[in-house]
């Protein structure tokens, strides 16, 4: 089969839900998540460019649009599993890669195989675009958990997810974006009316990082 | 407020559903749709480039990612309304534009306002990228209606939507993409097992267009 | 086609959801809304009659049952759009009317066309029944937003919707009904256990109106 | 408590689903059902009036709007249970009545108790309005099962429900309405494209009734 | 038909939802409920055995697995209806029994009829296993209402359900299990972060029971 | 924490859905699946016993009730992933085991840890009970895919799942159960009205196996 098979598989990502098995007030599918990540990247790419960076826009957008396509093969495996051991993480990454290779060989027309292989590679490398992808991906985790806490979801997992995402965002090697996130976005986040005390959860992390 | 407000508004597009009021076996939200349109554009942009065209990739991706953001303000108005009269269409477009302008003035930080204004403009212009956006947007309509017909949705609206999208795709001023769609994709579509006779619906349109 | 087409179109209103794009703990469709509006009208019509008014019951019930049927054509357009400009509002009303006329001409059997045209007209006129329809329609907005606030929906839109509906209800030219709503219903509303402080939101509006 | 309690209980009927436990492509709640029944009654009342009958419109609409309110207390008990024995049916009706009485005594303000008692009585009596209520209620069963069969629901229950509703409609002591249903509506129904052969199921019943 | 019919009917219990008509943040079907009841019984049976009791495990598991199968015939009738009168309760139990008998006679192969009749009997008798079933069934009501209160469901019914289940659990003639529930489980429950004050609701019941 | 944590984790399995990412007319959660597997095992255990086998009922029921509890940690990983390589399968099994051990050590009270460890072990061993578990688990896959095909799901995956489950069931080392399944159940399955030709898919497998 040709590209038709690939196009219909896009629809599958509308049925893969993030954070499976957790109680949530609102579900998010991987297709919509990928779009939001692209939007965040568009903004922070612009910000970096305004501050003198050279952005490879084609690469940045292709990274964000494609970064979770492989979930079509393996689903959204629970985070604790992925981090259970370095070996498992590597093996899962390896399986994902093999399934992707296989898919490309069988479903993608020959003349597009090379370009697909390159685009579907793990995008979170050390380039500016790779770091912006990682930053944007974390930011969506930040916003997803924020929305649950705002509406009063008392499940511990979302407190953990919120604080983890926050900590990771603040540590990213993207000084301009991190500063903007810290000074502009966090100050608006803290002002919001929320059912769970998000401001306190945020200050806890900020204080911890400041001490170091 | 700053960009935080814009980022949380992205979540709203996960709750705007396409083709409201119609019975569907599967719902599609505007966020996921925008992602699929970006994927189609990535493919057809590549195809055009392989055939000698010069693609402005930054523009193409920004067009596809942003093309339905304005639905945050007006929702997914039913198609027959939009096409009820040229005046109404223009007035709705005008209102949309005004609401966008207003939103940008009030919610987007000053230094990003100009760039947001440009990106949020109607993207379906006569440039190659504008035509690829329109082609990709129609293609998603094609695939959404195809999936309903495949599963046996007997509602007339999806037959109409399928044939309309097909007709519009075949008429697009993008000869390379149209040829590929016609020769490669349609021939795979026709071979699928479907509950509604999609092959017949397709041939009907192909024959009509051939006669002219 | 005959009345069968009209009967099946009723089902479409079970798929048009109110306040599209907003996060809600509970969705409400237009069919169920129309029924609740009829129930409120039954109560307040009775109250007005007990206080000496002459109610045209046939007209009152037909107004409430039919008042949102036209959403079958245009969907539930977001409120801010409807109020964006007087021109747009008039044009949308005009389009709605034209689509209704057209529907009646094409789908309703000739002998029923006149009676349908009369029943499907905009019902919120200055008659007692027209005012009771408007009052009942606002009351459902009041109860929908109240239920969200009660369960802790922190989205600003429901605070605005609640206070707007409350303000409009208290200003309606229906002194007997307004007094009953204010003295009996609001006092029960204020006593309820709610996640968001509804009592405070209510007093804020009552105080504002008292000052004038 | 006062009428506020009654008004919030209306919302409960949006969460009582018809035909519980059956696989359906589309769910229907009791609130939306009551509205559709009111619409059917509006049409057939008009038809009867055009043919010389005297319709008490106030009574007709109040019957249709209120006819399933008691499900707030007992839910939508499965049909086979209701018909398991005459004794059980009577006892359930009796319990329903007692719960309604109790509700009215405790929740409805004294001055409205008598009028509520009258309105909430079983409406399917021998008056023209009582028969129109029964006809309209059956018609919704007819349309609900028709929609499932149209989309290919293979569960036997919907074939049974369709044929049962059809048989009951044709036997109703409302000659004008029955004739219209038979000549106009059924002929349109039979012409529709359906996944299950609805035309055959319809002819089977028509033939059986003709033989007698 | 043979056992195939019985096997497909199991699927129906995935569509019968508990506490119909109530607003809930999360729905629970009867199939999943039966599984959770089996899990609770496994634990408390083990606890009783460790404390010297003799458990008939085969009987215990069959009781828990089968205890709500009859809802396939009657649905989840609202609790207040079941308790409206002793007569009605008996009659409903009688109808349920008759429908079960009938189902076994018509759908279960002859050689299995006797064994099915025994297994599908009301299991809440005075045996240790019967009491463990009742305890486990109440415990699920306890956990279902706890989860709603934890997330901030303000509907009175869940406060009532929580306190009722708690009271009934503490009164069960199973001293070892009750003591464990009171000392171990309740103390963990009270420590949880909850939107509604569950600790206060719990102490209220504990104090009432202590006074007696 | 004590057993309270384990009891609340049961609720998580109501949110893990089987066959994630596939289009289905009906979703099935792991809790409900576990219950259905227990029901099948009850039947086939009885059948085996009637034919002279000695069934350890306590073990059989505990195996079926617990067999998918570990999905609480890893979710329902897509089948193709699990079978991608023997190494990965083993490593995933290993991780699952480690997470279970960890959970037991941290959440289960000391005196119950040993018994939990034994019960939560992989149950599909060579004992009669282990084979009955595997047979019942496959049977649910058979019924889940059958239900999709019956309603017209055209996705290839369900044809594959149906035929795979059928083939595996027929090959199980449980001659009495297999014979009953083949002679009694399959003959009823084949007689059903289905949208996809299930009889043909069944005969195809039966013929293949007969040839060997």
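Every chain is named by a letter (A, B, C, D, E and F) in the order it is written, and numbering of its residues begins at 1.
Note that a residue touches a chain if its C-beta (ideal position, glycine included) is under 8 Å from a C-beta of that chain, and two chains touch if they have at least 3 such contacts.
Since the structure is predicted, the reported quantities are computational estimates derived from the model, not experimental observations.
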Point to revise | Chains touching both chain A and chain D | key: B, C, E, F
Exercise for review: Identify the chain pair with more contacting C-beta pairs: D-F or C-D.
Suggested key: C-D
Exercise for review: Could you say what rotation angle superposes chain A on its sequence twin chain E, using C-alpha positions and rounding to the nearest 5°?
Suggested key: 120
Exercise for review: Would you kindly tell me how far, in whole Å, the mean C-alpha position of chain E lies from that of chain D?
Suggested key: 33
Study note, to complete from the structure: Cα centroid separation, chain C vs chain E, in Å, comes to 42
Exercise for review: For chain E and chain F, let me know how many angstrom lie between their CA-based centres, rounded off.
Suggested key: 25
Point to revise | Per-residue multi-chain contacts in chain E, two or more chains | key: 11, 13, 23, 25-26, 152, 195
Review point. Using the touch rule from the top of the page, what pairs of chains touch, sorted by label?
Key: A-B, A-C, A-E, A-F, B-C, B-D, B-F, C-D, C-E, D-E, D-F, E-F
Study note, to complete from the structure: In the complex, the residues of chain B that touch chain A are 1-8, 10-11, 13-14, 26, 28-29, 31-32, 34-36, 38-40, 42-43, 46, 50, 57-58, 61-62, 65, 109, 111-112, 115, 119, 139, 143, 147, 184-185, 188-189
Review point. What residues on chain E touch chain D, complex-wise?
Key: 11-13, 15-17, 20-23, 71-78, 80-81, 84-85, 87-88, 91-92, 95, 98-99
Exercise for review: Sort out for me which residues of chain A touch chain C in the complex.
Suggested key: 25-26, 150-152, 192-195
Review point. How about chain E: which of its residues touch chain C in the complex?
Key: 23, 25, 152-154, 195
